[in-house]
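The following pair of complexes shares a single chain, chain A, combined with chain B in the former and chain C in the latter.
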Partner chain A sequence: MTETENNLKPRIGVFSLTGCAGDQLMILNLEDTLIELLSKFDIKSFQEASSYSENTNLDIAFVEGSVSTEHDLKTLKNIREKSSLLIAIGDCAVNGCVQAMRNKQTSIAERMIDVYGVEDNIYKTFEPKGVGEYVKVDFEIPGCPIEKEEALNALISLLNGDAPLIPDYPVCVECKLNGYPCVIIEEGKPCLGPIITAGCDARCPGLGLDCVGCRGPIKGETNAKAELEALRKRGYADKYIINRLRFFAGNFDDIQILGVKENSKGDK
Partner chain B sequence: MYKKLFKEDLEQFTSTLKQFGSIYGPVKKTSRGCEFTELTDFKDLQLNYTRTMIPPKKFFLKPKEPLYSLNKDAGFKEIIDDSKTVLLGVHSCDINALNLLDRVYLNQFPDLHYKTRRENTIIIGVSCEPDDYCFCTSTGSSHALKGFDLFLHEISDSYIVRVGSMKGFQIITQNKHIIKNPSLTDIKEFKEYEAERLSKITLNLNVNGIQDILDLSFDHAVWQENADICFGCGSCNLVCPTCRCYDVIDYLKLDLKNGLKVRRWDSCMLKQHALVAGGLNFRPTRVERLYNRFNCKMSCSEDSLNCVGCGRCTVYCPADINFVEVLKQVRED
Partner chain C sequence: MTKTLIIDELTRVEGHGGITVIIDGERVKDVKMNIFEGPRFFESIIKTVYYDKVPDIMRRICAICTASHSLASIRAIEHAFNLQVSDQTQILRDLLIHGETIESHALHVFLLALPDYLGYPDALKMASEHFNTVKAALELKKAGNIIHNILSGREVHGMNERVGGFSKLPSERKLENIREEMLKVKRTAELSVEMLAQTEPPLNINSKNIFMALNPGEKYGFIGDEILISDGSAHHINDYLKIVKEHTVNYSTAKISTYKNQPFMVGALARILLNRNKLEGTAKSMFKKYHTLIREVNPLSNNLAQAIELVHSVERAASLVDELLGRGLREERLPSVNIKDARGVGAVEAPRGILYHDYTFDKSGCIVQCNVITPTAQNIANIEKNYREVVEALIHEEDDKIKFNLELISRAYDPCISCSTHVIRVKN
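And then the complex of A and B:
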């Protein structure tokens, strides 16, 4: 390939903050398409794929992981400065994910004592948040981890000059399109599908399992209070429901404000 | 034309339907009931059922379907499913809902995908087993006058068969060794069974003038009360036999030359439904979407309501919003 052709390819980087690196792995799992992808993009940095890394300007930066340390924040700001588009991939980067489940519930000091037995914030951590809390994010691809097909479609859209198509409707839609029986209505299971972003093709309800919410609530559309009510009616205790809602979505305002009813006792 | 088929001959009758296509019928799937499923074993057929979650519209307007393949040089190429299908055991409400869809998808601007499947499908109706959520007598859809090839009305040991089309007549003719003429006793039984069936539909919704009442009640407190408990999940639309909105999405391949244009069911309860070019959303809030849905269902399309009283939206609402109850509150009867 000539230098000119290479210059026409969008320069991309895939970066990781606090997280499990599972979203990078999902991109690498696009095995059948990887070679073709390499011919379309000029990869300047991709920690999990190669030790090669170039600190250069980028057309698109994909960032996974939440911001939970000064180091994360510094890395993120550097990426933002050097990139035309910044795309948050995975729940950690979108909203903080599982490491944010106790945000505004327990302090960092309490967590330090619970985990390390010392009160000092020796790692200089702060409450984990999505990257959008600190820098401008152009697009978000949710998931824990992301769906590789969704990531591929996003890459194709970007290559074609389109905005990536990310669902802003809940898992219920995909259950109905697939004709999967409703696990809330049929079995009274504590499914979070009605408030969780679709895109997984309702994988869990399709197997008869209740949605745990791994793709996170739909931003601006989530009726968390209704979920609490719907599960209360089916006999679940407030504490159980709120813990379940917080699991992947501790940073959502409308989940943080949910209170436990005084008379709510015992877990179903 | 009215004929009679003994229940004991139903298996043999069903086997002769295979020549018209793959047979789909109600098969037990969950604790709540049946879904239309390809019939591989006659024993699975459950003609005595209340309602399926997904209505038979799924055979004509598919939940997800490719419409065209795209190629930047060669252009569009239609993808048409012209497989032959027999739907056995469709209820009156669902047949009446298909008649409504026909007006949208066949009149004026026929939809080739819908039209092809409508023409390639035999519909055999069956009398229903109503429950407390059915209110089809209120919406005038408890009986189907057209939209089927044959209709089986259950009586004690047999079915009274109504013939609704030339194809239906052809099926009857081919089965004449098992198709009989109804006796006077059968006719008496038919009346009794129909009266018994209708008597089970006790839920009543007064639809007289409801369009005006809804127009005048856009700011009624009931909308906000229900929007507060509504998920906006779209389940009500997606299980509705008359909802017919769809969205179309283009999926390109990595070569940016080939792709697929795909259609899928949409729901007016979802945020993107009213999002138009330029970023304007003309129904930005859940309460507006909820009001719009009730208004649409109770509005008329050529003198028929856009609701057939099947009860699905109430049964399958995860927030337990009761369609009839909400309208009763608006009416303040």
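And then the complex of A and C:
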């Protein structure tokens, strides 16, 4: 490939903060198109896939993982400075994901004692947050993990200079389009579909399961109180529902206020 | 004169880790595998969660071994509540784990480890001269993902495997798809063994290792309740805390594990060495052909052991499909669970080695205590031992050569660093 050809390609980097690296893995899971797709970009950094890395300006940075340590924050700020577009991929980067489920509920000291047996914050960790808490984010692709088709479509849109399209309606819409029976009304299960961002094609209802909320609540439109009320009516205890609501939404204000400490027991 | 060698960030591994080596004259003064992946405190945040969704949270410890985590979690819960599962469920779980092994080993062997063997920084650059190999490797990886998708609901963090069984059974047609895929990729799995055997880079190491693996029962597999150790002893998984001793260190968010104060090794090499008599078919004959390259003293042999497991898992997945179709799939309702205050331990051979989940529940079925020990955390002490050995052997060589060898060792263990950072000591 000639230098000029390479110069025309968008320079991208894929970066990872604290998480399971599942969003990078979903990109690598695009096996059928991977080689062709990645050849459209000038990849400057992709830690999980390559030893090659260049600390340079980027057209687009993809960031997965939550900001959980000083190291994460420093890395993130460096990425932001060097990148024209910063795209948060996956729930960890969008809102903190499962590791944020106890935010404002248990302290880091309590967690340190539980896991490492010491109270001191020796790893300089803080409550996990999405990257948008600290820097400007241009687009967010939700999911734990991201849907690979959604990632592919986003990459193609970006190549063409378009913004990636992310649904702003709940999982219920896709559930209805598939003609599945309502998991709450007809099956009485504690489904979170009404408040969770669509884009998964209602995968769990299709498997006979209730939505646990792995794409995160719809930002700005989460009616957590109504969800709590709907599940209460079907006999679920507050403690159980609040734990469920927190799984993927520990950083959402209207869910946090439901999660008072003495209510945190989760039995049905 | 003191000299410090630092690798800031290991690449082509899952998660964030580095290496520090301090050399004092002719002597290696200190070696550290630094893990700076942020801790996520899974064992703490899971407290008070009702058992039914515990596996759905705990599997998110890791993307690449998500099914291993979910099955270890499910089995811990089933052991706590004395729940038996059907033969059909056990076969489907076996099939799922073989799928995960194929996906994970294909990614590691071809796309993360092999570039070192052939001298490329990554698989994409390797593809410029070995296009067909990389293409075939992606097909093999995808075949593992197809199993994962069909049985678990998606490749990463699926939901379909539950406490007691599976929520939705796969159709017979989809099972047939799995068999067809396995036949298509069989040759690629064999190619992985041949390529690694032909081109292994020299690594000057002669390490005495202790190995540990689960006893999979009659057939070579990844699920079991007994720990086998290369000193000849065998132990029930309920006693794992007596076998695996952990301590916290300030330079790493993962804990360090030892057995009788010695480092030990888990993973494909340990499994192949301890369960070699259970290999069948092509995997058995390839093991025989290349057994001199599978050396207890050289961690690079773990790559080859993974490749042989790839061959095994591809064949075994096809025969498990035959078994399922031969028996005929039966719709089974998920059994009801009698919750009680109880403790249960579950273990699975994740692609990188033994994974333990240990839960204690209160009488309402919520978690009050949780402990997870991941394979990479168990391997760290042995990895550091190998670092020391290789630096001692190469002490007069150029820094770059030493660094390359350190990375080679790291990758041979296929470390899963995000996995390893939440390893807990159960409070006494």
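Keep this in mind: the second predicted complex is superposed on the first by the 258 of 268 C-alpha atoms of A that agree within 3 Å, B and C clash if a C-alpha of one lies under 4 Å from a C-alpha of the other, contacts with A are read in each partner's own complex, and residues count from 1 in each chain.
Convention: contacts are C-beta pairs under 8 Å (C-beta built on N, C-alpha and C of every residue); 3 or more make two chains touch, one makes a residue touch a chain.
Everything numeric here is computed off the predicted structure, so don't read it as measured data.
Look at A:V98: by the touch rule set out above, it reaches chain C but stays clear of chain B.
Using the contact criterion defined above for the overlaid structures, shared-chain residue A:Y134 touches neither chain B nor chain C, since it reaches no partner.
By the document's definition of touching, of the two partners only chain C reaches A:T106; chain B does not. Once the two complexes are overlaid on the shared chain, A:I122 sits against chain C while remaining clear of chain B. Once chain A of one complex is fitted onto chain A of the other, the partner contacts of A:M26 are limited to chain C, with no touch recorded for chain B.
In the superposed model, more residues of chain A are touched by C than by the other of chain B and chain C.
By the touch criterion given at the top, residues 33, 36-37, 40, 152-153, 155-157, 159-160, 165, 168-170, 172-173, 176-179, 181-182, 184-187, 191, 193-195, 218, 220-221, 223, 225-227, 229-230, 233 of chain A touch chain B in their complex.
Listing the residues of chain A that touch chain C in their complex gives 16-23, 25-26, 28-29, 31-32, 34-35, 38-39, 43, 46-53, 66, 68-69, 71-72, 97-99, 101-102, 106, 110-118, 122-123, 125, 128, 144-145, 148, 203-204, 206-209, 212, 214, 239-240, 243-244, 247, 264-268. On chain B, the positions that touch chain A within their shared complex are 29-32, 35, 53-54, 58, 63-64, 228-235, 238-239, 249, 251-256, 264-265, 267, 270-272, 286, 315-316, 318-320. Listing the residues of chain C that touch chain A in their complex gives 9, 11-16, 36-45, 47-50, 53, 56-57, 60-64, 66, 107, 111-112, 115, 121-125, 127, 131, 134-135, 138-139, 141-142, 145, 153-157, 159-160, 167-168, 248, 250, 253, 255, 362, 364-366, 407, 418-419, 422-425, 427.
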